[in-house]
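The structures come next, written out as structure tokens.
After this come two complexes, each holding chain A, first together with chain B and then together with chain C.
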Partner chain A sequence: MSAAPSPPPELVTLTVDGRAVSVPAGTLVWDACEKAGVFVPVYCAHKKMDPVAVCRMCLIEVGTMPKLQPACATVVQAGMEVRTATDRVQRFRQGNMEFLLLNHPLDCPVCDRGGECDLQDFAQRYGPPRSRTAITGKVHFDKARPLSDRIMLDQERCILCWRCVRYCDEITGDRAIVLQERAVHTVVDTFEGRPLTGPFQGNLPEVCPVGALTHTAYRFRSRPWDLQRTPSVCPGCSYGCTVGIDSRDNAVVRFVSQDNPDVDDSWLCDRGRYGFPELNRQDRVLTAELSLEGPVRAVGALEAVGAAARALAGVLERHDPDQVACLGTPQMTNEEAFCLQWLGRDVIGTPHLDHQLEPWPDLAPDEFRLAIRELEDCDTVVVLGERPEAATPVLTLRLYKAERKRGRQVLRIAADADPTELAGRVRDRGRVGVVAHEADRDRARAVATALAAANGSVHRLTLTEGMNGRGCKDLGLLPGLGPGYRRLDRAGMHGRAILAAAAEGRLRALVVVGPNPEMEQDPAYEAAIARVPLVVALTPVRGLLSRHAQALLPGRTMAEKQGTVTSSEGRVQRIRVALQPRIGAPPPELRLLVELGRSLGGTWESAPLATPAFDVICDAVPAYRGTRGGLRAAWPGTGGAA
Partner chain B sequence: MFRELIGGLRITMQAMLRKPLTIQYPEEQRPVPPRARGRHILHRYDNGLEKCIGCELCSGACPVGCIYVLPAANDPAHPVSPGERFAERYEINLMRCIYCGYCAEACPTEAITLGPRLDLADYKRERLVATKADLLEAWPGFRPPGGAAGGGPR
Partner chain C sequence: MAEAAGPPAAATPLLSAATRERIRTACARYPAARSAALPALWAAQDQLGHVPPEAMAEVAAELGIGAAEVEAVATFYAMYFRRPPGRHFIQVCTNVSCALRGAEGLLRHLEERLGIPDGGTTLDGAFTLESTVECLGACGGAPALQVDRYSHEDCTPDRVDRLLERLRAEPGPTGAPR
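Our next item is the complex of A and B:
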């Protein structure tokens, strides 16, 4: 679904410090300055929020206007002459900085924002060389007051830019943070002093230009210059938010959002942002462990792969390949999922492979056709139940944006609502989007069919579980469906059937890649794994698999490997190595899987590395070609890449 | 020739009677100039609280990157330093340090200075990484949290 072709916006030409620049009519002077390459300091303006012009830092001279104008709230006009570097502007900035610093504590050495603080930077660049006021006599408040278990507020440091207030108003809509009192007594605080409870608190310290709002999880952990930032994808869910993984001493200390307008729109949810301790877990599988014969012994990873292959080959000699199954996890990268699929289907020859419990009959890429960004362009978005927003919280912010800023209708209905009644509630007979969790995909299909009868176009977005549930489906880690949703003649067992077969003793061997959060919550999983005589498990963390595997292979967490993952909407994005493996650490999971397959007589043509493996994927699944740079896979019949 | 011999011996005899210049290092040590830059010292306030607040500006200013600081939040009941933040770990790699004194220059609380100690040889590299226990000024009645103060350069 592409947006209706709107006429190209009229261009307006203005000059910024003598440089001519053409921007669409309606652009703010601040954005025009940025386009002209002229930096204008600002605290209150934010790319994702409406202008308020309260910080007065961006005042500039415009044409013959007698007073200085705020660049963040002035709309461009043809022939406008903007001057940002005149003496008058500089003098004003200096005076404004003096006001902002009047009551700001001399806290920088103990402030978490120190080193990445706009107030520090602008004070250095535009502020007066010396303070004319004494350090004593500043207004004081309580230091570091927790607003919740995640956020600390230091009112002394606040410069009243209103960004957090506007964030709670415009972006989340919960109005949790408000301005209290008036005039010189104004402070930022929560509404009625209630603690924050929303699921998007972690964005507050990021919108704060100073150190007034800080993360409890990052409190006094590091300085920005200690950190190494690795662009990656949030592992929390299948929404595919772009994150920067900030690490220090080879441990992740925080996630920062990276603006990806197509996906996260620069916001992260708290579950994703504060989920990073999972990547620093200490209970890791660091060496391979074999207990094929006799007690457990630690061996080298490749040696263990050889032993596991010999054991598997022994099983395959004596039994039918049907008595072997492969279980993946939606936390695997695309390369690993494709490789496990190759190992199971082509090398071992079993049709039983899956990455989740429930069966997915009639799966087609059309279920994921609607892009996240297109939610804003739909006239009506129908959301089935609470599960989509529970599974991928950042979706809530996109829906609120569609509702508030684009005036769209967002219809939240119960997952079991009657689809036939729904047609009357849809406001506009235009483009309709249906968003559902994967557990409700049958209902979503019924709703889409019912709405399609009355509306022009109905597109669906199904939200999958796990970081790469979509990729596992695209690449055929499913029974009966090969890579690229190719129908196969031999139908295999789905996840729950595999577990049932294992529990009944019908499976001779199982190749498992873990951890699989969905399966581990199911008591049948442990019972099944314990019954299989040969379990070859590949997992980074200790747990159920490490207790029951006869051949345990060391895996890597998402921060220690590279590869690609596919979000629910089909966007193929790269994850990168944020934490360097130790010297002598076992090879990445992909290599172990390839070596296991090769030891069993399989042919894997390319090098066992993520990048060449992606080329193999592109050959098998042509839709994945042209996804480099984080684009959506172009599935035939679903409207092409976006 | 005999006169030259006497002349030479006279100088020898004079030198024998003079007070020797040799300093019996390491038992005896020369006083160092007051502003010499030797091994670092982490100072305390008079009440025993550490001056260091773990701000990491020393490590930021360090041109060779030899200072490692891991800050932590103070327990208000048992503060290590005044204020909210203190250095949980403070390590200086004395082999890498060039004794430029920028750390002392950058310190906002005058917690770190370069002291008079110049004898920094050791047999083990590990012992040339000075920890907080090594660097902290002694304070009567103070026991370092880690317990052992040894293991650093002597």
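Our next item is the complex of A and C:
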């Protein structure tokens, strides 16, 4: 799918405050200034949106042009002389700041944006030393008006930069927010003030350069200097959006987007962004609990591991390993998933292990070949049904970008559409991408085959459920396929078959890592695990699993551990510890799994930390080598690392 | 998401078939339907006398753009009414030339004489007064005001009083229809 190498763009050399800088032709002066290391203040300009040049903050001197020019909307030319620090520019900025602050309420002490506000920062840096406007003479607007249950609007703080309006036009396409009225009366609003309904509202406070749009969930919660930011991956789905986890007093208070142009393009969906309270849950499993003999008693985690290992060994002495099974979850890290399949396959010796309910016959890395970013390069993207965008909402924004900014054809078809009549609807006979949810992978294969016959180059992207469903598959936490999609001689039972066997009393022991929402919602789940005589469970939260375990080991949420996860497109990214475990907290899940395996006689070569464990993974799955830094795994026959 | 967000259409549409036809004709004159927002709003206002939010939503649906976008246009321009206006619409220019020639005093005189604030409508429904029109392009005859579709220049309180008397007798808006 790699595009033909385009000729390098022609370079243009200009000077910014006397410093020479070379940039590709067509670059905007603002970007050239940034490259030259010269900061030019902006409010309206945004890297992901087209320039409008309305805030006037970036006006600078260009050559002999008589008037100041907006750096955000002026294209560089060879020999251009840009001056950003002259007295004239500074005088202008001072005047512009005075205009912007004319009716601003100056309510910074109660504004959520205080401390990370461009209006504050630029007023400090470029503004006049004192105001000539009496506070009583200001024009007032609505304050603290909910635009929805997620977003609060303060029209007085707004500086009319158009960013939210352009976001709704260029990025989501719902065109829900506009500027109404005219001149000093102009306000940001929705039609008739009706609530926003879109699934991407949480990006609005991030594009807002001031405190006009704020998160309801973050209202009056913190100041930025009290927050600790941890770069990580959003656990909401398998799309792999990079996030900053902002925490305070060892609780997560918000997710912020981190611009990863290959994945999220700096946008998060509301489900992911506002899903953080899950990480602050109070119904936790904090100590190990044993009820192997007699009533439940709390013990140390490693002591519980030893007891669980003895109980498992007892089962294995009396029964065939076939009567033991392992169930993981797409919420585990790669290291944990790899370790669990080692524990099941190599140590216990059972072929029955899985992380999901349904079987995935004929699984091969080729169905994940298309990268998210490559969706923009496809002439046509065929999307099967509504499930891909329901499972990974940010995909919608990438598709809209491909359609709107790149002029690509996005063909949304019913999941059960007839593939044979599809070829005629594909506009250009060029590169075609087929995007499908994992539940429709058979149909996606049929569509891809039909289109390949007519069009040639067809690549697929399959969207998996759960944060790390892809990693669990890559690393062999499923029956019949070992790490790296290695076909195994012994077929095993998939998740649903394991539950059925358990319910019928055919399993003597289960090792389960939770939480696994897909399984736990299944009506058969509870009856199945209740029937197994020995359930060794590792889970961070209370629920069905913790209730029915004879050996319950304390797990960690994704905010409390480190490791790697693999997104649907095969990108291997790190998650990091955002919430520090308290002193005396149980060891990480990976260590507990390794110790369990060792106690049963298994050999695990490296120290059970995420980083050395990743090296063990790379030895078993060579495609994972070279993915450090958040790259896609390079599977043989599916193109190189990207 | 590419669908323009808007409220569901009213059970009984406000816009008549003739108005919709006018909107479609206007659309055909432009490469993009959104460019026809102004003539489309005129069509709606000519039929209904004003443009209520439901009509904006119908115009938006007709043009295939967001209801909020139509509202943005309708609120930007002073000549679209969001509430039913009086029989006569008086717009007073208060820009530089007119201001220098006493427009503020003229506006206050009108407010007093009609008993309504700027932007208001008299209780008998005869007059709506506004000064948000900005320049009427009649600086040579400042202070100027516009009533319905007629322009009145060199206005003084006396002349305005006589004008109001004449207008009270008129049954409907003065001036040629568009």
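Here, the second predicted complex is superposed on the first by the 642 of 642 C-alpha atoms of A that agree within 3 Å, B and C clash if a C-alpha of one lies under 4 Å from a C-alpha of the other, contacts with A are read in each partner's own complex, and residues count from 1 in each chain.
Basically, contacts are C-beta pairs under 8 Å (C-beta built on N, C-alpha and C of every residue); 3 or more make two chains touch, one makes a residue touch a chain.
Being a predicted model, the structure only gives us computed values, none of them experimental.
Student: Would you mind checking whether chain B and chain C clash or fit side by side on chain A after the superposition?
Tutor: Once both complexes are aligned on chain A, chain B and chain C fit side by side.
Student: Please indicate which partner A:Q562 is in contact with in the superposed arrangement: first for chain B, second for chain C, both, or neither.
Tutor: neither
Student: Let me test your reading of the model: by the given contact rule, A:G114 touches which partner, first (chain B), second (chain C), both or neither?
Tutor: In the superposition, A:G114 contacts chain B only.
Student: Touching A:T396, do we find chain B (first), chain C (second), both, or neither?
Tutor: second
Student: According to the stated criteria, A:T27 is in contact with first (chain B), second (chain C), both, or neither; which is it?
Tutor: neither
Student: Counting residues of chain A touched by each partner, does chain B or chain C come out ahead?
Tutor: Between chain B and chain C, the winner on chain A residue contacts is C.
Student: To the nearest 10 degrees, what angle do the lines from the C-alpha centre of chain A to those of chain B and chain C enclose?
Tutor: The C-alpha centres give an angle of about 80 degrees at chain A.
Student: After the superposition on A, what does A:S599 contact: first (chain B), second (chain C), both or neither?
Tutor: Neither partner.
Student: Considering only the touch criterion stated at the top, classify A:I177 as touching first (chain B), second (chain C), both, or neither.
Tutor: In the superposed model, A:I177 contacts chain C only, not chain B.
Student: Report the closest approach of chain B and chain C over their C-alpha atoms in the superposed model, as a whole number of Å.
Tutor: For chain B and chain C in the superposition, the minimum C-alpha gap reads 29 Å.
Student: Over in the complex, which chain A residues touch chain C? Could you list them?
Tutor: 172-182, 189-192, 194, 197-200, 396-397, 400, 403
Student: Please output the residues of chain A touching chain B within their complex, sorted ascending.
Tutor: Touch list, chain A to chain B: 108-110, 114-115, 143-144, 219-223, 225-226, 249.
Student: Spell out the residues on chain B that touch chain A in their complex, using ranges where they run on.
Tutor: 53-57, 59-60, 70-73, 83-85, 108-109
Student: Would you tell me which residues of chain C are touching chain A in their complex?
Tutor: It is residues 1-7, 53, 56-57, 65-69, 71-72, 75-78, 132 of chain C that touch chain A.
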